[in-house]
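Read through the structure below, which is laid out as structure tokens, and then see the notes.
Each chain carries a letter (A, B, C, D and E) given by its place in the written order, and its residues are counted from 1.
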Amino acid sequence: MTATVEFLPIDTLKAQADRLIGRKRLIGFAAPLVILAYFVYLFFAFDIPGLVDRARMDNAAILVADSYSHKTHITHDNRNGGLVFAIEGEAKGRYPADMRPEFVTPIGEDAVRVELKAGEFAEIEGSTLRYTRPDYGTVTVRIEGREIILDTPDGNVPDWIGASSTRVNITGEGGRAAVTRARTEVFRYSFGWELFWFTLDSPFYGKSFSELVGLAMSGDRIVGEKSNFAAMVHDFWNNPMWRHKDVVWAIFETILMAFLGTMGAALIALPLAFLAARNFTRLMSVRFAVRRVFDFVRGVDGLIWTIILSRAFGPGPLTGALAIMLTDTGSFGKMFSEALENVDDKQIEGVRSTGAKPLQRYRFGVIPQITPVLLSQVLYYLESNTRSATVIGAITGGGIGLLLTQAIITQKDWEEVSYYIMLIVLMVIFMDWASGVLRRRLIRGKTNGH
Amino acid sequence: MTDVTLGHSIGGQRSAEIQQAYMAMARTKRMYGGIMLIIFIALMTSGFMLADSRNAGGFWNGILNVFQFPGEVISEASEKVALIPALMVKFFPSLIETINIAAASTLVGGLLAVALSLLSTRGLARFPALIGVFRRLMDIMRAIPEIVIALVLIFVLGGGPVPAMIAIAFHTTGALGKLFSEVNENASQKPLEGLESTGASWSQRMLLGVIPQVAPNWLSYALLRFEINIRASAILGFVGSGGIGYDLKNAFSWGQGRYDEVAAIFILLFLTIVFFDQLSSHFRNKLVTGA
Amino acid sequence: MIWGICVLRIDKLTKRFGANAAVENVSITIEGSAMIGVIGASGAGKSTLLRMINRLADASEGAIWYQDREVTHLTGKAKRQWQSECAMIFQQFNLVPRMDVVSNVLHGTLNRRSTLATLFNLYPTEDIHRAIDILDRLGIAENAPKRAEALSGGQQQRVAIARALMQDPKIILADEPIASLDPMNAQIVMDALRRIHDEDGRMVIANLHTLDTARRYCDRVIGMRKGRVVFDGTPEQLTTGVARDIYGAGAEFSEATTSTDIAALEAGREALPA
Amino acid sequence: QEFTEFRIGILGGENAQDRMTSNECYRAKAEELLGVPVKLFTPADYDGVIQGLLGGTIDMAWLGASAYAKAYLTDPEAVEPIMVKTNVDGSYGYHSIGFARKDSGVTSLDDMKGKVFAFGDPNSTSGYLIPSIEIPAATGATMESGDYFGEVKFVGGHEQTIVAVANGDVDAGVTWADGMGAWEDGYNSGALRKASDAGLVDMNELVQIWKSKPIPEGPIVLRTSLPERVKIDITTLTASLPYMDPDCAYNFMAGEALGFQPISHDDYISIIEARKSKM
Amino acid sequence: MIWGICVLRIDKLTKRFGANAAVENVSITIEGSAMIGVIGASGAGKSTLLRMINRLADASEGAIWYQDREVTHLTGKAKRQWQSECAMIFQQFNLVPRMDVVSNVLHGTLNRRSTLATLFNLYPTEDIHRAIDILDRLGIAENAPKRAEALSGGQQQRVAIARALMQDPKIILADEPIASLDPMNAQIVMDALRRIHDEDGRMVIANLHTLDTARRYCDRVIGMRKGRVVFDGTPEQLTTGVARDIYGAGAEFSEATTSTDIAALEAGREALPA
């Protein structure tokens, strides 16, 4: 071998090496350049410059702020009179007549002062609103006849106030206020998910954790016949603001869709996969037909199947489960038939040589071989289908996906949105973990091919 | 191993013991097997019944009507079959947008996944103490369904392809990152050590020692993901992220009178998925067997 | 042994794969509980012959008779019945690696038991006991609950023999049963086969790669070359020259084809009690 | 197919949970009256409800006129209209309103040339059907992207349209309102009023650029194949709701209204024709 | 050689893995361009010692000094700089198998190049030429464009040496460089190492499994046992008794521990020119 060195002059070798490195250099430059060029194309195709203009960072701020805080509406009804305090302005978040938020202080008949943040405060007196910002002064909005009048210290309208003769909006740093002929309203943001545990009408509202534990322990009953603990659970479970019961049901429905869909698909795909495997079905035409069916049901996304199935089955988790089942029958069919094509013939032949019947041959020659592949695929899909079920639910099925998309579309309850997102993430992580545990247990632990 | 030579069987008594022990084991196993089977069947049937009762329509009534809707679509589409090619051309730009979303998100997600996977593989990590952090990060990225991110981003950025792209890329990062780090774990440490001994920096070691080893497997996973992302980007069109899914949803939604559009989009989408499926399985075979 | 009680008669048997004949015009008659060794170079057709007897492969021409049954034309139930009577042992053991040893042995009863029961792994207790007895006889009863894949090669082959015995077969076909084993395990396995033959009086036909094994364990040796029987006689008749013919080899024979060299064969023969 | 369950489909407009809550009292009354379980379903869009009615999995829904037309055109035998909501003044109509951001400078359709225009749901009467017929008549051009408007797109529903316009994602869009009361309040009722009340938009920042002719209010429909008794019971219940339980009626009708009055298929023929023209 | 010019001083070096000390209290001073052989039974701590010198492993206690630099406490850039000065050759070559030979050799210059430059293969032409020259010197220049994995073991090890030379190191550490090679290739590789030592005057420290190699190629031999240095002297001082001590072996030593038996060692010593 060393002999050839003498025949190939070293300069030739050097030139060769230069060319080699040069070629690699070219590829090294070309690949990132191609990617870069593609990104440049996308930059314009996706209209990124326009996007930057359109991006509403204030929306992002609202989203973030709302996800960890809540707002309380302090409303004066200008037509019928009367002051109302309600969390998120919702009827079910309304303070009973004898209760008021601690940042609201009565300053007279039909008049309150609302402490806002950043040193700002607002006063409502009848239909008149006075909004005070420490660095600016006090703005007064009052209703005169059919007109809404805005008075500012310097007579100009600053950019944080939107004013017309029929409506005035004030967006301060520590709160918001709006006046129309119908009502005068102040909005105050506070930290936390208010009413998450109990709504205002529950006797347990506003109690600290230790008080609640004490109540749960104590014998004297607050609510009728129920024990305190049962009453607490009941009030929490039926919380009309956060609707924990419905949310839990929705999560459960989502997992149910994933479970039924995945398992159903596996049960259907297994026998069909034999028809699609070269070594079990000699007939080319059958194989081809079955494979194309697999391709078809797999190629159409589960979501589209949901739409197609919604006519026959209507909205609900069953429709979602069937849609997942259809898609996954395709995926499983393809994967199982590939696993079947890779089985070791020796084992089958061993079983066959004893005079075993065909079904027994499959049971002992084939199934034990493909079980690990099968199980691990099925469990992997179970986890990933929890996510698909969320998406499918968003369109027709129901479940947590529907709650989430609706909450996002109405763009109102971002704290609920973040609650749902958290639950979804926890749900998927849980399914991921559970399927991992099962996979390890079933595949390594068991000695039998069940 | 003590191979008892033939003839030295352990004798009747031991044999009986073994029989006992085995029978006991077989019984437990049978019992466990039986219990698992019963649990599984119970879960399936009760799950089915529950889903059936919470659904608007029942399974047994519905199953008779499954072909009603597809039937309507197909009959209208076949009446207007002549229009379909033109419609396919009309929707082609949307298809390109969908494919672009998928390609861009696979690329971006893939590149991020490379970095995250290297940072979270034992033996390779730049900051071994942070492995757990990066892994959880990937778990969370994987766990959030695309649609969630897309919807939130649509709120901030407005509709269009970018929210979908970011949403899918985000999810892809988590999904591919996990797969990549599994691949990395099987990479041989030897070339790495060789490079380290020359005084190569971490990024050089990864670039020259790890990537050449794992690139084919990475690529194979990325191609698989690309396919999945095409579907995902079509789906995100349903919630207002543009692309072919948007057209499909509107046509589907309007219903009768536009089923020819449904058919055209369907054909386009299906052909695309089959095309990329074939293309990527071709490349994957080549990469894994060849190279 | 009474003549005509158990006769396996192979009659002008031929097996073609395309143009190539793997087994060609082979006729052999085996009576009683003989222990037969089949030798021949790789590709001589030994495996194909055994596989046709067990009906894992179909013959192209000719017939196999057992007693008054024509084996080659059996189908369905009758064919499976035949397979259960004529057990096969493979070079690679062909067990189900993920299942435990006893379950593997119990596969020998599949032909007799109802499909439904076996699908759920439900075997009668007496079968399980018998399986463990057989394992005990082969010295591997302790391994009964282990997975087959957890065993060494020699142990796995003995499980395969146990499965064969579980079939309670008239004939045991062994296709290079010791080719994957180290010398020590090989000896254990061949001893077991011989003992089964001697004690149970079952017919054993074993394909063997090494001449000295054939010579040492078999009553009769059949030599095959390119699909044809080129030798049929006692081990004593198997001279170096004959062996060279069978393997179609020249002087380089000893190293190339078998694991035992001719010198050892000669030496071994002399060592045998006459 | 026996009658064991009564299923009500509810269209979008609020999030799924709120829809459930608003209609809970109606559900309970219906359950009491019919003696079978009554369930509420809240599919994500108009089509989900329509498909349910067509497939027989939903028995009752309050549809928009165009959605009813779709159900009718797909299967004339599927559903029959029974009632319609009447406004406080006794009329039963509303308008499709075109609107834009005030700071965009758009004040009429004329300013919209080459700009982005948004529809809501394809099955919405005010969010698509009527404007897609009346606006081309006004502009003298089709609604194809690039013909008069630079781009025309569907954003999914009334809420999304309002948000898209307010965010500036689109230059103008259409949604529904009763057309009574003050613009700054978002009119007396309608999607704009709801959004304004929820603090989603500041009506001072929006301007109206177009208003359709009156559109007939959508009908409450029942599936034709329901037992006659059920149809009568539901009709009676609905008609008497405002007298029996005004609070419940307020929730069920999503605001102040006079009540319900019977209506028949013939009242929707013009809408059906309109929809047919778009097919 | 001038004293003090290049001094590697290992001072009470200890490396513990949990309770087990792989290297314990080792002190060695090496001056000038010596060629040192380190011998010892498997697990004696040879590899660990070399890995600590190259800073692939961190010492638990003690220090390594090179000239006036304390090597054991270098981090980041300085550590990599040191690694580039002290090249390492591994038993399994540790090349990047899928890359071509020149690139593998060029990896010896990585310490001098930025990541970006390596990403785009921006090696200067003179480096490329020098790589070829080095390969040529080791007699494998014509393999330059081939993938490393396509080469034989001996060739791969020479590529590894070329990579080491490319670093232009002061010290070459070789961890059992010939343990994976057949005798012929082993000789080629050891010859190459010796030649590098002789011609370039680089310090070479080689872990060796076989006594006769150490004896034949090294100027000084260090024997390790259970992490401690138990012998340090010239090859001539390495008697059978000393070797038995190092390997902690009794009479069965010759077979068990090294590939060369003591008899051969004795024989070899006599054959050496005195």
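Here is the rule we use: a residue touches a chain if its C-beta (ideal position, glycine included) is under 8 Å from a C-beta of that chain, and two chains touch if they have at least 3 such contacts.
This structure is a prediction, so every number in the text was calculated from the model and none was measured.
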Common touching chains of subunit C and subunit B: A
Labels of chains that are neighbours to subunit C and to subunit E: A, B
Far-end chain from subunit C, centres as C-alpha averages: D
Chains most often in contact, by C-beta pairs: A-B
Central chain (by mean CA position): B
Separation of mean Cα positions, subunit D and subunit C [Å, integer]: 82
Inter-chain centre distance, subunit D versus subunit E - centres from mean C-alpha coordinates, in Å: 83
Distance from subunit D to subunit B - Cα centre to Cα centre, in angstrom: 38
Subunit A and subunit B: spacing of chain centres that average the CA atoms, whole Å: 18
Sites on subunit A at which at least two other chains make contact: 54, 56, 59, 307, 310-316, 394-395, 398, 405, 409, 411, 447-448, 450
Multi-partner residues of subunit D (each touching 2 or more other chains): 7, 9, 41, 45, 47, 51-52, 55, 57-58, 156, 160, 163, 167-169
Residues of subunit B whose C-beta touches two or more other chains: 29, 33, 55-57, 62, 65, 68-69, 155, 158, 239, 252
In contact (per the touch rule at the top): chain pairs: A-B, A-C, A-D, A-E, B-C, B-D, B-E
Contact set on subunit B toward subunit C in their complex: 1, 3-10, 14-15, 18-19, 21-23, 25-26, 29-30, 33
Touch list for subunit A against partner subunit C, complex: 346-347, 349-357, 359-360, 363-365, 368-369, 371-372, 447-450
Subunit E partner contacts - residues on subunit B that touch it in the complex: 190-201, 203-204, 207-209, 212-213
Complex interface listing, subunit E residues touching subunit A: 100, 102-103, 106, 119-123, 125, 128-129, 131-133, 136, 139-142, 144-145
Parts of subunit A lying in touch with subunit D, wherever the complex brings them together: 54, 56, 59, 89, 92, 162-164, 166-167, 169, 176, 178, 180-182, 187, 240, 243, 246, 307, 310-316, 394-396, 398, 402-403, 405-407, 409-413
